[in-house]
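Heads up, the next two complexes both have subunit A, just with different partners, subunit B and then subunit C.
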Partner chain A sequence: MSQTTALTDTGSAPADLGASEPVLAVENFALTFSANAPANLIDGISFTVERGKTLCIVGESGCGKSVTSLALMGLLSSPPARILSGTARFEGRDLFSLPEREKVNLRGNGMAMIFQEPMTSLNPAFTVGHQIAEGITRHRGLPKAEARREALRMLEWVRIPAAAKRLDAYPHQLSGGMRQRVMIAMALANRPRLLIADEPTTALDVTIQAQILDLIRHIQEETGTAVILITHDLGVVAEVADRVAVMYAGHIVEQGSVSEIFANPQHPYTIGLFGSIPSLGRRQGQLATIKGAVPPLDLMPKGCRFAPRCPFADRRCMDEVPPAAELAEGHSVACWYAPIEEKMGTRQ
Partner chain B sequence: MSNSPHDATPILEGRDLAKRFGGRRGLFQSEPTVHAVNGVSISVAAGETFAIVGESGCGKSTLARLLLRLIEPSEGQVFYQGREITKLGAGEMRALRRELQIIFQDPFASLNPRMTVGAIVAEPIRLHGLARGRAVDERVAELLRVVGLRPEYADRYPHEFSGGQRQRIGIARALAGEPKLIIGDEPVSALDVSVQAQVINLLETLKEQFGLTLVIVAHDLAVIRHMSDRVAVMYLGEVVEMSPVDALYEMPLHPYTQALLQAIPVPVPGGRGAHDLPQGDIPSPTAPPPGCRFHTRCPHAQERCSEEHPALETAGEGRVVACHFWRDIQAAANPPAPVREGSAKLAERLELYRAHQTRREEETAAAAALD
Partner chain C sequence: MLKLTLRRLLVAIPTLILVSLIVFSLQKLLPGDPLLTMAGEERDPEVLAFLREKYRLDDPFHVQYLAWLGNVLTGDFGRSLRTGVPVSTLIAQKLPVTLQLAVMAIVLALLIGIPAGILSAVKKGTATDYAANVVALSGVSIPNFWLGIILIMVVSVQWQLLPASGYVPPTENFLQSLRTMLMPSFVLATALAAYLMRHTRSAMLGVLSSDYIRTAKAKGLLPKTVILKHALRNALMPIVTLTTLLFGELLAGAVLTEQVFTIPGFGKLIVDAVFTRDYAVVQGVVLCTAVGFIFMNLVADLLYVVINPRLRHPQ
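Right after this comes the complex of A and B.
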C-alpha cells in the first residue's frame, strides 16, 4: 500500500541510458569574490555528473560547496562574484556563457536546486499549492486548474499525507520535514534533468532525514534525474552516492566511485575525515583528528592547501600545488604522496 | 568507568520531573500547554558519562535545565549528592552553581560578544572568589592552555574565533568554577566533524584529568556511543528506554530506539540493510497522543497502546524500557545486523596518519622547548 503516486507520463527516458554524455561536466572552474583576493575561493575544480546518478560533494563548512552550486545555478550576483576560468557544460551548453534569459529558463526547468533551509525557496505569504502551481504555469504554460491538479499530484508524489488539504496550507503551518518535501515537489515539478541539493537533510531529525533520503533516491530511480548532493555527513554519502568528490578549501582533493573512496581513501584529508567520525560500533580509543582549521584566504598556502594541517606535509607540499592524478580508473587524488603506502615508504 | 549505581548516592538525580510551558488562560482563548517533560526520573552516578538522546523537541534541553535548576519544575524534585536542590534558597543555590556547569550547543550565542575572552573565563573565578588580583589572570591563562587555546587570546573578543575555538572558550569558562559535573547541551552538534572530534577528545581528556561527571545531551547516536557509559532515550517528553551504552546499541528494546538506530546513515556503503522507517512526523507536544506516545508511529502498535500508558519496567541488568510489548517484539526480532566497520586499508592508513601526527607533535614540542 504505497502512498506513492507514480509519475508515469513524464516522457523522460528510462534511467538506464548506458554510457552516455554526462548531464553536467564542469572543467577547471575557478571563482573569486574580489579582484585582489590573495587566493581563489574556488580554485580550478572539475567533475561530471551522469544521468540517473548521484554525485556527493563532501567537505568542511566554508570549503566552497554552496558557492559552487550557486554558481552553477547562476544564482551568484556578479559583481562581486567573478568566474575566473572554466566551463560547466549542461547537456552540452556552457552554463557560464549562457545569456541571462536562457539561464532563467533553465532554472526550475532543466535544473533545480533545494536548500538546507526550505524557507529559502518558499514564500511565507502564499499557500504551497499556489507556489508549486505557479512554477508549473510559468515553465510549462499549463492553465491554472490543470497546474493546480499537477501541484496536488506532486505533493502526493513526495508523500505528503492528506495532500489535498495541504495544498492550501501556508509554509509555516507545516513541519520542517514537510516543508522540505514541499520544496522538493516544487523543484521537481517541471522534471529537471539535474537536481542540486545543498545539505537538504542537515537540519532534520534522523528519522525524517531517512525519509527524505529515501524519497530522493526513489525519485531518481523513477525519473532518471541526475543529482548533486552536498553534505558533510559521510553516512549520508555512503547511503546515496554513486560518485564522491571530497572538497577542501576550494580544491577537489580526491574523487572516485563511492566504493573506491570508502574502501581505498588516499588523500590525507579524506583519511583524517574518516578518522574523525565516531563509529556506531564498540568504542575503539580516541578519535583521530585533523589539527587546526581551514585557513582563511589570506593565509592560504601557495602549495597544497591542506599542508598546514597535514601530518605528511614537507617542503615541497608547502611550495607546489599537487596536481590531480588518476590512480585507478575514475579515482583521482591531488597529493604528492599518493598512492600513500608506496610514496610514504620512500620517506624516512 | 562508572561505579555501580547501586552502591553509592548518585551525584545527580531527578525524580518524577515534569515541565509544562504556556497554558495561560486568556479572555477569549487559552494558550496551548506544551508538555515538554513528563514524569522523568533519572540518576547519574559520579564519574560516568550519561547521555540523553532523542529527536528535536523531545525535551532534552528542558530536562538538562531542570537538572541544573536553571528552570523550576512543574512537578518533581532534583537531588545533588543526596541533597534536594529544588528546595534550596537563592543564596545556597548560587554557591552550588560553581559545582554544576553547563555548555551550550551554539558557541556563537552563548558568549557575551562585548566581553573579552579573558573576562568571560574570569567571571566565574571572581564570582565565586576562587582567586584575586594577578592570580585571576594566571588562572585564566592556565585554563586557556588546558582547553588548547593560546593564553594571548585572553585579550580578544569571541567574534574573532571559529566555532570550535568558541566552544573551547565555553569549556574553559565552565571549568573555571572547578565543577564536579558538566552538562553539555549538544556541545558538538554545531561543529564540523573534524572540529567535533577535537572537542570530543578534549572533553574526554578533561573528564579524566579533573574527575568530572558528564551529562551529554545529543541527537547524534554515533557521538553518544563513542562518549557515554549510559543512555536515556527520550520521546515526546518521556524516557522510553534507559540502558548501558553497548547493550542499547547491540540490542535496543524499545521500538523507538530501534527506529532511531535504523534511521542513522552508516558510513559504510551498503552498510545498512533494508529498513522500516517510522512513518509520519513527530506529534506536537501540545497534544501528545494518549496511551503510549509513540503509538502513532510505532510499527508494533496495538489497540492497548493508544489507551494505556506503558510504565518503565526493568529489562535486564541496569536497563528499563516503557513498552507494553517489548518482550514479544524482542522474541520475534532477528538480532540486529552487526555494524560493518570501515575498510582494512582505511584502518592501516589511519594508523600511519596518527603515527605521523604524533611524531610532528613531538617535534614541535621539542622545538618549543629549545627556545
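Right after this comes the complex of A and C.
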C-alpha cells in the first residue's frame, strides 16, 4: 500500500523512486457496463507490474481479467463501459485520464497486447509482413522498405522458420501457433515496456503452448518488458509468473509472489483454486473443489464477493468488504479471516 | 489470374448458349404475328407467303435457331421488322447512352452509399445512424419517375440549373453531356445508394466487431486506418456483389427514368420493340443485356479474387 501511495504523488516525491517505480500501477480501479447495474463488474482493484517481471492475473472466466486488460489498453468501447474510479499509472501517466490521441500513440508502442484467439486476430486481407510493418511505420515513421526489413527481423526473433518466405504469407496460410508468434512479433515490434497477454496459449496445442510461453519469457529476459499474463491455467502461472494476482468476481482477493501464493495461499478462494493440485500436499478436504458458482451481479453480496461460496463465511463477510491486508512482504489478502489457519483456529 | 479469367470465360459459354436459346424460343412462344404488321393492311396471302419464305419461318425450329445464332456470332442481329434498320446499328446507337447513364448512376450511388453506410455503422445507434437510415428508406421508397418530375420542375424549370431532358454524346460536348445526364443518373442512384448503404452498414458492423479489428486498434492505428483500411477491405465482398448486380440491372435500361428525361437509351428501345412486336430488336437487346449481366458476374468473380487472398492462395 505504502508503495502505491507514494506513486500517486510522484510530482512531489524525490527521484529516488525511479529504480523501483513500477511500469504500471493500477489503483482502486472500478468499472461498470451499465449505469444502473446492481454491482460493479470490476470493483476497486489495485496491482503493480515491474520492469522485466511477469504478473499473472488468474481467476475463472467472467471474473474480469480480460475486461481489466482491455480497459488498460483503452480497447473497451465506452459506452457501454464506464470507468467509475481509479488510476492506472503507466510510466507515471494515468491511462484512464489520458486524452484519446495520446492513448492511440501509446497503444502498440509503449504498451502492447496479444490475444487469446490467434486464428481470428490477424486481418485475413493483408500479409503478415504488412501487418507487422504497418505498426512500425505508424509509431516510428520508418519508410516502407525499412519497416519491412524490421518486420522480417521480428519474425526471425519470434523464431518463425523460413521467416523471409512467411513475410508475404497471408494469415490463413499459417498454423495457430505461427499466427500467435506473428501476433507476438507485431506486439513487440516497437519494443513496448508493457506487454499484456490475454490467455495467449489457451487456443493452442500443449506443445505449442510451451513454446509460446518459452518465447515470451525469452523475449522478456532480452528486452526487460514487463508482462501481464492473464490465464486460468495454474500450470502456466507456475512456469512464468513472478507475481500472482488472484481475481474473483471483480475483486483481487489475494496477490503475492508466485512462491508465496503456491506455498502459502491464504484466501479461501485461492486455496480452493490451488486445492486440486496434488503436489501442494494435504489441504482441508471440503475446499478441494469450490462449490456453487459466481453469483450474478444482482445477487452479489455487499461484502466479500466470495462469501456465498466460502465455507468460513459469516455475517460480517456478507456485509463488509474485507480490506487487503499485507500478511508478509508483498503478500496481501482480502479476507476477514486471514491468516486463515490462525483465525480459524481461534474461532473453533 | 489469367488462368482464372480464362476459366471463368469458358464457364460463361454454356450460360450464353442457354440464354440465346431462351431468347430465341421466347419469340416463337409469344402470341401475335409480326408478319401481319409487315404485310400491311391488305394482308395479301401472297405477300405473307413471300415473307414467310424470306424469313424462313417454315423451317424447323433448330434450323432457324442455328441460322440465327450463326448470324449473331458474326455480329448480325438481323433488321428491325418495322424500320428495316439493322439491329446492330440500333444497339450501337443506344448502348453508349445506357452505358453512360449506368456508369454515372453507379458511381453516384457508390459515392453516396458507401460513405453513408460506413458512417452509420461506425456511429451505430446515434442520431447520424438513424438519419442515414431514414434517408436510405426514402431513397428506396420514392418512385423514380416522381423524383424525376420533381427534379425537373425544381432544378430545371425554377432554378434553370440543368437541362430537363435530351441527350448529348460525351464525344460532342463532354461537360454538357455530364450535365444532361446528372439528374437522370441521380434519380437512378437514389435507390441504388440506399441498397448500397444498407449492405455496407451491415457488412461493416459484422467486420467492426471482429478480433482483427481489435488487433488493429491495439496496434495503435488511427481510427481512419482501422475503419477505411482494415474494416472496409473485409466488408467489400457483399458490396462488390451488390454493385455488379445493380450495374447489370442498369444495363437493361431504366425504362421509366429514360421516359421521364426523354433519353434515347436501351429502356426506350426495348419497350418500343415489345409494343410493336419487333422481334429482331427484342432478341438483340435482350441478348445484349444478358451478355452484360454475364460479363458483370465475371467482373465480380475476378474482383473477389483481388479482394480475398484466401481465393488467390489456397492453403
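By our rule, the second predicted complex is superposed on the first by the 314 of 348 C-alpha atoms of A that agree within 3 Å, B and C clash if a C-alpha of one lies under 4 Å from a C-alpha of the other, contacts with A are read in each partner's own complex, and residues count from 1 in each chain.
One rule holds for everything that comes next: a contact is a pair of C-beta atoms (placed from the backbone, for glycine too) under 8 Å apart; a residue touches a chain by one contact, two chains touch by 3 or more.
Worth saying up front: this structure is predicted, and the values here are computed from it rather than measured.
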item: Side-by-side fit of subunit B and subunit C on subunit A, or clash; value: fit
item: First (subunit B), second (subunit C), both or neither touched by A:108; value: second
item: Partner chain in contact with A:206 - subunit B first, subunit C second, else both or neither; value: first
item: Per-residue contact with subunit A, leading partner among subunit C and subunit B; value: B
item: Partner chain in contact with A:238 - subunit B first, subunit C second, else both or neither; value: first
item: Touched partner set for A:48, first subunit B, second subunit C, both or neither; value: neither
item: First, second, both or neither for A:139, with subunit B first and subunit C second; value: second
item: First, second, both or neither for A:69, with subunit B first and subunit C second; value: neither
item: Touching partner for A:173 - first (subunit B), second (subunit C), both, neither; value: second
item: Shortest span in Å between Cα atoms of subunit B and of subunit C, once chain A is used as the common reference; value: 11
item: Shared subunit A contacts, counted only where both subunit B and subunit C touch the same residue; value: none
item: Footprint of subunit A on subunit B - complex, ascending; value: 55-56, 162, 164-165, 192-198, 200-201, 204, 219-223, 225-227, 246, 249, 259-272, 275, 277-278, 280-282, 338-339, 341-343, 345-346, 348-350, 352-354, 356-357, 359-360
item: Complex interface listing, subunit A residues touching subunit C; value: 73, 75, 104-109, 112-113, 115, 117, 120-127, 134-135, 138-139, 170, 172-173, 183, 186-187
item: Complex contact set, residues of subunit C against subunit A; value: 210-212, 214-223, 225, 230, 233-234, 307-310, 313, 315
item: Of subunit A, residues touching subunit B in the complex; value: 60-61, 161, 175-178, 205-211, 213-214, 232-239, 241, 258-259, 262-265, 268, 271-283, 286-291, 293, 311-312, 340-341, 344
